[in-house]
């Protein structure tokens, strides 16, 4: 049986997200409860979470989460990390032993920051430097896999049902202002820990439900820009696309949404001239980054969260608000389970991003 | 009213219109049976000379001189389509004398005249010459 | 509006159809001596020949008067017209008021005085249905028929009866047949053809004296006959019109709208004169197409529409025993003649215009020539050499053809 | 007459029971195959003149005619085939090069037919093009490396280099006025306008009547520079530098003087009756640097307002050449495979030089991606795109759009008799004889082209919908949507696709 990276694995899924605009911290209980409501949307072959604001003490350091298959891999990887980062903390990520979670790799995290000198030598922007290190480890060190690499955020994922994965990682012990979760239903593989979602790059984390038909068009394009799609999963390529457009091309998240879930030409052609030109420009210049096929994604990033459906809205996704909280989930029940009394609940249109950010002045 | 128009720019002088016309007005449903080993008497005729060719058939004039001149009342305009009542026609050829297009001609035995009736009186229903023209040199249009 | 038409032939029908194209409502009254539904006069020879019958001879369908809202007063003669009171007085004492009046009275046979004519019992004219009916009833396979007049009427009569009688003889004062429409050479061809069918001609001759069933000709020949057909000539019926002060020459004088000199009074058909554009003279053009078009012009004008008839020319399409003849216009000018077998063609041009032509035998597409005369097409605007070969649209310019055949609009 | 040893390849079979001797075959055959025997009231035919173009067959109102391949044969020999023997006889008789037209007819593999397309099942819905928008709009040209912003933060949309916008990723490939007729050109131009795509002048200049279709015209600059002047360059929407042609890589062109008549001569700007000889190379391009100069000369001449296309034939090291072109400033690279058509080419060249477009395309697309310059240039491929499935496969392999020419000519009535070089095209396409040219009525021709491309567009949409893709850009380079069948490892590797079942 070939694992992720050898073969492309489309999958169905459940996603859920909670965001506190006021920056109020929540532990992982709520998100576990929410995602477990949609138990039947997963098949036990992958679950995971991303949490933002969870490492306040190390918030200026990159938190690098790594799976190791072997001691040798760990040694080789740590050598690479130590060579590039000024590492303050290196520790095993705490887990709770659970019989249902098996085949665990060694799971480590490192808090650090790239050496100034290396940044100067390579003339790279700090984030680009980190991104390259991550790509290098993931493509070149066999048995090591960096699955989280942002600041003050972390991804926790495993093979298993998401609620089990949450408990396994003791998420009740973490407090964050934003949580996203994913339950996976891969269609042709037993799954691999690294292949579970969320998929993250720097502080971008993506949970996604869907199967994109544009995959290889997107992959072959994005790979021209230094990315290497090692997992052959949709989530991976979507994460890279967002990273490329938002971080490297400096498009706003709205513009990112207009590229990957672009309006139809029939709509664009009806717009006022200026708007028409803008959309045409985006669709033309980034034509290979249009994502087709069904998807609902939740993008987590420092200070915000974006929910987006494909342009035909071929996947369910609802958004709700209650006070300072925003909830997003594949199914309404997953929101009601944790907040029955909502101020507002709606189903965003295909291609229309819902972007929430921390209120002005909030430093979470 | 839809009329037949001819664009000589596209006429190839292939004469197929004449054969389709003869077939359409033969009463037969088999072209071979209708036209084999006979001399055809089509109601549309090609004129040709030095690379120029065009088909001529009744123009179905709005002010039809033939109808006005017909001594028997055999030529009548029915909703603009000018047809000859062969039962009434005596073959005097007054219409041949007056038609400025030379589009009315003696029938097979000369005892009555014949002319294009836009295939309204045969099984084709729409002009066979138009259907049979390979290069749209003959069209049937409202103009 | 009361329209009254005196006469019931082609000019009357043209008038009715002309009126109705403009005025769907006005009252139309047709008054005719003959008791018949409108029929085609020239068909009487075909009737006798057997090529048509009384039903098929009808010039318009049975429902014609009804369809056009026409009151047809048939079989009643007009006594006179009271122009000042605007009414027509009938023989039976009825009066028909009119606002607009058309004379479509046609023509009547003209019989010159001939010695002994009174002695001839069985003599006939050949103009009307009744003439044909009477003649037909007298014909039998043993009949010897003498026809006076080798014009269109006489010869059509000869054709109509030849196969039904023993002998047909035609006598004419003129030295050749059909002198009004053919030239000498043409007359010769046609005469030979008719003679070959069995008709005997005595030309440049005339009857000096009738003795019962014998005609003594000027040259001394004595002809026995059983039936005599008088087809010497016709005269326009202008009496009624003249009676109210219409100007009359040979026929009633009309303008291009077919109006007479009197307001509200019009004339059309064989009783009237119109302008023959080939000679630029007022003439009686006693031919059916002319009658219809004059009548139509009159009708449209009477109903307030705009129409002129300014393309009148003499023209004839006629056939004798399978030989077709088409002629048009006048023959004064430069002639182009081709004679091939029984086919004869003469084209006469003058002042850059085609003035007239004669086609005998092959008459295909003759209308193209006719239109050159009627439309006064300058011959230098077409390929005259080409069109002389045979009538063809190829002789026109491509632009002109595009107008004729392609639906292009004429720039002029 | 000397013996030429040649026996007609085809026989004209006339069904005497059906023939009504209407003589349309006789009137319509420019090769004078048919004749009428007055005495016998019978039609006759001289098959030695027949090129099997089917004009007579198509127009025969009673379907009394068919053309069959003769079964007259030499002693069968798998090595010395009839064709090989016939060619030797011909050359022994004439001492000349063999000339042929249209594309390579040899039984080399057609890779399109060894590639299969994917469809969605369960995990991902297929999309119904009758119910949902299905987009085929395509832009060709360079993309800026980075977006720029105005002072107010909005995107600067003007920093986009000149692009071509296509409603469907299909263009009519270069065919010169001269090699094909005025009416064929008019048909192509009008169809391109109606379809919202482009046609290509080829190296024959642009007839003054067709300047009004300029917005849908690609003007070509080839080695003979025929018909090239400032107005010409400015008339088109894009300029194509033709380096090579799939049917005859490495060979120039030769339009015989007999075809250089009237408007053709004027449009090409060469004297009537003079042979139009396009040199094999551009004599100002002996290297890639020279190409760059020409690209920029043309851009200068047109104020950088028009994309420049460089067209090459698919040859062995096409990937490296394409990479060089991509760096020469060209906006679009057109690659023409060895099955591409031509009005005339030496037979040996047509049949033996060049490589399949499928392999060339896969190699070039992959190479440009490896060099990270795929987004700097668009890729158009041609050389026997036969149907909409070929297009879908080409786009999935990495093409931005395709060029069609043979298919377009077929739509206009071409019957692939491959006798263009004779100038007696009975269908009014590859001829300048006025009586033959008029047989192609552009009113009919353009509509047939529009029909063809519209039909293909429908099919492309249907196939895209099946794959769950609702915009053509998501298909571009999407090689996962393809699988090979009956291909060996090497072929799969070059095509960058997996085998069916994998």
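Order of writing sets the chain letters: A, B, C and D. Residues in each chain are counted from 1.
Just so it is clear, contacts are C-beta pairs under 8 Å (C-beta built on N, C-alpha and C of every residue); 3 or more make two chains touch, one makes a residue touch a chain.
Every value quoted in this text rests on a predicted model; they were computed, and no experiment measured them.
**Q** Between A-D and B-D, flag the pair that has more C-beta pairs in contact.
**A** Result: the pair with more contacts is A-D.
**Q** Could you give the separation in Å between the centres of subunit A and subunit B, each centre being the mean of its C-alpha atoms?
**A** Subunit A and subunit B have C-alpha centres separated by 78 Å.
**Q** Need the CA-centroid distance for the pair subunit A / subunit D, whole Å please.
**A** Here subunit A and subunit D have centroids separated by 47 Å.
**Q** Using mean CA coordinates as chain centres, what's the gap between subunit B and subunit D in Å?
**A** 43
**Q** What is the distance, in whole Å, between the centres of subunit C and subunit D, each centre taken as the mean of its C-alpha atoms?
**A** Chain centres of subunit C and subunit D, defined by C-alpha means, are spaced 69 Å apart.
**Q** Which word fits how the chains touch one another: line, ring, star, complete or other?
**A** Drawn as a graph, the chains make an open path, so a line.
**Q** If we use the touch criterion from the header, which chain pairs count as touching?
**A** The complete list of chain pairs in contact reads A-D, B-C, B-D.
**Q** Quick one: which bits of subunit D touch subunit B in the complex? Just the residue numbers, please.
**A** Answer in residue numbers: 17-24, 27-28, 41, 58-59, 61-62, 434-435, 438-439, 441, 443-444.
**Q** Once bound in the complex, which stretches of subunit B touch subunit C?
**A** Touching subunit C from subunit B are residues 3, 5-8, 47-49, 52, 54, 56, 59, 65, 68-69, 71-73, 87-88, 90-102, 104-106, 110-111, 141, 143.
**Q** Can you list the residues on subunit A that touch subunit D in the complex?
**A** Touching subunit D from subunit A are residues 8, 10-12, 187, 210-218, 220-221, 223-225, 249-251, 255, 262, 264-266, 277-278, 280-288, 290-294, 311-312, 314.
**Q** Considering only the defined contacts, which subunit C positions touch subunit B in the complex?
**A** 10, 14, 40, 42-43, 46, 51-52, 56-61, 288-289, 292-293, 296, 315-319, 322, 324, 326, 328, 363-368, 370-371, 374-375, 386, 391-394, 398, 401-402, 404-407
**Q** What residues of subunit D sit close enough to touch subunit A in their complex?
**A** Interface residues on the subunit D side: 120, 123-125, 127, 132-133, 135, 137, 139, 143-144, 146-147, 154-155, 157, 160, 163, 369, 372, 374-375, 398, 467-471, 473-481.
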